[in-house]
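Going by the order they are written in, the chains are A, B, C and D; count residues from 1 in each one.
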Amino acid sequence: MDRELLNLLPILVPIPPLAAFFLIVLFTNRVRWLSHTIAVLATIISLGFGVVLLVNGLSMGAHDLAHHPIGNTIEWLPIDGFSNWLQMGAMTDPLTMGMLFFVPTAIFCIIFYSIGYMGYGTEHEDRDYSRFFAFLSLFAAGMFTLVVADNLLLLFVGWEVMGLCSYLLIGFWYDKNYDDPDKTTPRQAAVKAFITTRIGDVIMLLGIAYLYTQTGTLSFAAILRDEQVLHQLATTLVPGMGISIAGLIGLLLFAGTVGKSAQFPLHVWLPDAMEGPTPVSAMIHSAAMVSAGVYMIVRMFPLLSAGWEHGGPPTAPMVAMGLIGAFTALFASTIALAQNDVKRVLAYSTIAQLGYMVAALGIGAYIAAAFHLITHAFFKALLFLGSGSIIHGMEHGAHHANDHHTDAQDMLNMGGLRTKMPWTFWTFLIGGLALSGLPLVTAGFWSKDEILAESFYAMTHGAGGLAPLGAWVFILLAVSAALTAFYTMRQIGLIFWGKPRTKLSKHAHESSWTMILPLVILAFFAITAGWMGIPDDFMGLELGEINFFHHFAGASLVVHPEGITFNWIPLLTSVFVVLLGLGGGYLIYWKEPVKAGEPDPLVKPLGRLYTVLHNKYYFDEFYQAAFVEPTKWVAAKVVYEWMDRGIIDGILHFVGRTTGGIATYVRLFDVHVINGGVDWLKDRFLDGAREFRTIQAGKIQEYMWLSLLIGCAFAYLLIFVLSR
Amino acid sequence: MDSFEIANLFYSIGQVWTEWLTNLGLSPEWLSFTNKAMGAVLLTALPVMIVCVTIMGERKIIGRFQDRLGPNRVGPCGVLQTIPDIFKLLTKEIITPTKVDKVMYNLAPMLSVVSVILIWAVIPLASNVVGVDLEIGALYFVAVSSFGTLAVLMAGWSSNNKYALISAFRGVAQLVSYEVPLVLTLLIPVLLAGTMRLNGIVEAQAQGWYVLLAPISMLIFFISSTAEVGRSPFDLLEADSEIVAGFNIEYSGMRFAMFFLGEFIHAFTFCGVIATLFFGGWRGPFVDQAPALGFLYFLIKMFAIYFVHIWIRITMPRLRIDHMLNLSWKFLIPLSLVNLVVMSLAAKLVQTPAMDATLWQLLPRWGILLGTNMVMIAGTFMILGTVSRRERHKQEAARVLEPVASGIQG
Amino acid sequence: MTYVVFGLFGILTLGGGILVVTSRNLVRAAASLVLSFFGIAGLYVLLEAGFMAAAQILIYIGAIAILIIFAVMLTQRVAAGNRVAMNSQWPWALLVSALTFALLVYIINIVWPLGIRAENVPVLAADPTRGLGMALVDWGQYVLPFEVASILLLGAMVGSIFIAREQHDD
Amino acid sequence: MVPLSWYLITSALLFCIGLYGVFARRNAVAVLMSIELMLNAVNLNLVAFWRFQTPTRPVGLAFAVFVLVVAAAEAAVGLALILSIYRQRKHIVVEDLDLLKL
């Protein structure tokens, strides 16, 4: 394919899902099979574009690709009276390549899975089946836009489209109510997710605006690949604050990530987002929404770390990322210990894994973060789809047992699903082990190990503030890893081990092949995706340049990051904590499976702490009291009663009455003067027409030659008389 | 002059001829005129000579198919049978019915032969033997074919016979219907080769015969050309039981023979066109060293396709007129439209390789074009299967209802 | 030589045209129309517009003429073609046509005087057909009219099918 | 080559013949045929002008092609109209089709 055509491809990637959205919404809303066919086809086309780009990119080589990204730019908005233009466009550099492979793959799996999950062709078929696929397509379009964007503004567009879609999809079952009034309904969850992420987005928009005022451009190539600009931004201080411009922008942008990627303290929306259908959760947690936040800071890392040298003192945004990321990882992992909802456990583990990535960026482990982003997307999508399959099976059981009060998502109601749903079990096990980071085999191990190794390196070799930051990150992440392994074992044990604890799990059965196939595909990647990031000198062996991902994605940066040398300590730590966690989980939950009616074995040893963890450190309650209630009060009293009813309505009523008075007089003029005049004119015209109608004989040919005769006469007149 | 080469036979003959004429003292203008006139005569004579062979061959082959000997009296194994036949036709009385439109009545048989022979002007017989290598060869081919339609209409109308007229109507309906898919698929080789020059299309097939790259187009072209020729299973023009004998019922003797001559030439001419467009024309091994071989290859390909033609003719039953029209309008035309769009997109997907591309550089293009064709074939069969199943259901439902209806009548 | 050929095709064209407007039998008129079209195709060849010549034959003779003959046969008793051909005002029509022709000749004679021989006629571009094809799909030239023409054809097709369909409902 | 003015005269003559046919023929199909003659005359004009004035740019050819398209569309619609009129009134004499008269 020639280069010109190739350059068009990146911008084409988001088009098919977008087109699918409009097609489904406008035309095929009532034809269900067509709706999902369109959605799946659109994703396949995007995936095809992605693969074509990947193949071409690989053949170009990372270095060439980084310096001449595939893509093109158009002049979009005139600024300063057409003297300057805001550029818009798409591009594909090595980092985008990685995203362009895993994002469409995961999205394809999820959309395909949704066909089965939304019950196509069964009696459980969802009422708004087509709407679901339309929104999923729009979601995919948003994510693709974000990935291929070559500037912050277009990235922000994709970012906001996804925000909207997450709102629409979390609240997909908007009319669902629960018996328990305290339980979050999909409506509330949707609003919560939308508003919480909005806080981050507004701050991020500030950062974008500030960046634009400082550089006059938002193009990645112009900012991130230009060392002069970066240097300028890193050395100039913001007036009145002891921080560089790059630092401030970085902090503002990072706030967007905190919202989007659910970092502490804006993490509260993500667990509640579980109220949406499970494919949506998978979408949000793996390929799209939360990845977007991390992708953005990975993409902007040269700006965030402007002025930082490898091993040198960290910049302000890096400190923030390291502190918040590591803390979030530990914090979320502890909460996950005490959750019973199968999806909530996964939700908190997502928060923890995102904390991993953010913390990795905090200590400058750019590639490790990107790598973990990709591996995590695969196994987290796998886990969510697997949990969806479990829930589906459980609901089938509920249907069979005619029991609609037992919670189908509560892990304490499950147990013994190993034999009922073998495919789900094995794929879920693979996903769980990948999440825990089972050494050597799974993808999760390689990416986590790289982060730990990098943080250990920062701890031991870092100058300035990097060493303590590295220590903080290393220790918190190691503990978090142990907890992760533990609660994963807990989850798998509760779900699959032992005997069925309720009728629901007794009658559960395996899901349809449309749901199993994506699980298998994702399980394949959950293992193999890690192999592209095995360190060159793993275990001190000279393995040659096998760390493909490092060399390829690293080319996106101006300064190619050097790989760290191998050290046994982080490897052993990581293996140790994982085995510790897995072993602990095995002893408590697998050896003696929980029986029906028994409480969780953790309740007794942890005591009060368990309650605190179970209630997520009471964060929701705190936010409710601190922010939500005051806002409601202001809205009801000040805005509604005083401003709206009093001032605005009063003015409107006054204007209305005055206008009515004037109109009465205008009408008199209209009736007598205007209507009368027009009637008179009409009568005169009618008289004239009556005179002229006799000329018409009704013979076309006669008209024609007559008119031509007159025309000829005029022409001859013109030639022979007038021109003399 | 170059030495006389047997490998480049036609070119050498031309050289000798030109030299001879120059020696006679012809001026260059007259030389060119004479050459053109000679070429025209030769090109006209060629199909007429070939037709003598094919008529014989056809009768023999059909005889074999029907498990009989075929003509076997004149000459060895009866191969000279055509010659007495020609004399017979030439000596027959020519009857002109009363009240016919004389001009048109006499013009129609000639037109039907001329329209076919004109096609031979642009068919490349060998790499350097072609009547006129027109830039718009493909379009020319379509244009002169349309004279045939006119001939049918003229013959039918001028005979002053209602059977002839009805038959002419049917014939024109058929010819016009099948001209559309014919032209639409003719565009595919033009598209792939990037030229309308027939010799250019043959040259472009150095990178693979188009029958491999566009089998669907070949099939549609073949079917439509069978219909254009008016041969079985599309021989409704002369359905004896319904319309006596067709639009040429009032013709006799040599005029009648002209129509049949036209039809026979038409049949193998279209085979020659198919060979040119889809089977590489004069292409074959060693043709670069010995251009004269090209003529041989062309003839072999043409006769091979003609054999398939005869095979179909002798095997297939005649279609009913509505079936015949439906086949064109409801199946071939939509398919060829889809084919045209898809093929042009697919051809655009891969850059046209340079003339000296290696096999490996050609493979993606082959793969993509052949692959899209396969997909289209599969899709066509799926749709056909669905439609025919629905049709069968409808018929079965009707059959179930039938006894009830007749019962009410009874 | 070219003058002879020009004369031949010119006579074909004009003679065909005259037969079209005068012959009483409509099928004959249609056949003369074909003759006239053929003559024009010949003139195109003389003008070195091979594509137009082929298109002329393909479209006018292969499609339009046959369509017209069909229409004639559908709207006429086949044998009874010998009614009055002209309407009552044909002398007027002749006069107007003659006047128009005189006007046209007068204008042509001003700009391109009749007696002048063709000298230094510009040379043709390399491949006019390719140039035409390029121009028809070129963004800067005729792509919009080209597409509009396609829509016009589609509209005409749908419209004529709709108009000519037999209405069974009345 | 034959000079441009000859082509123009031929075309003008053909146009006027067509014009006469349109004015004087009684049968609607004949009128349609005459219109086709006129269109052909125009096309001949366009091609002749192209050949003699702008042979390097296919302006005249392009317009001739568009005229061709219009002619085809006109023939199709015109004949369809004639057919439908014939079905209603059993004749197609233009003189008697005077529905335009009130």
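Everything below uses one rule, namely that a residue touches a chain if its C-beta (ideal position, glycine included) is under 8 Å from a C-beta of that chain, and two chains touch if they have at least 3 such contacts.
Just so it is clear, the structure is predicted and the values come from calculations on it, not from any experiment.
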Nearest-to-centre chain - CA centroid comparison: A
Selected pair, greater C-beta contact count between B-C and C-D: C-D
Chain whose average C-alpha position is farthest from chain D's own: A
Rounded Å distance between chain C and chain D, as computed from the means of their C-alpha atoms: 6
Distance between the centres, which are taken as Cα means, of chain D and chain B, whole angstrom: 33
Centre-of-Cα separation between chain C and chain B, whole angstrom: 29
Chain A and chain B: spacing of chain centres that average the CA atoms, whole Å: 60
Chain B: positions in contact with at least two other chains: none
Contacts with 2+ other chains: residues of chain D: 19, 23-24, 94-95
Residue list for chain C, restricted to those that touch at least two other chains: 51, 55, 63, 70, 87, 89, 92-93, 96, 100
Contacting residues of chain A [partner chain C, same complex]: 701-702, 705, 708-709, 712, 715-716, 719
Residue ranges of chain D touching chain C (in the complex, touch as defined): 1-10, 12-21, 23-27, 29-30, 32-34, 36-37, 40, 43-44, 47-48, 50-52, 55-59, 61-62, 64-66, 68-77, 79-84, 86-87, 92, 94-95
Chain C residues within the chain A interface of the complex: 87, 89, 92-93, 95-96, 99-100, 103, 106
For the chain B and chain C complex, residues of the former touching the latter: 101, 104, 134-136, 139-140, 142-147, 149-150, 153-154, 157, 160, 162, 165, 169, 172, 176, 179, 196
Chain A residues touching chain D - in the complex, by the definition given at the top: 693, 696-701, 704-705, 708
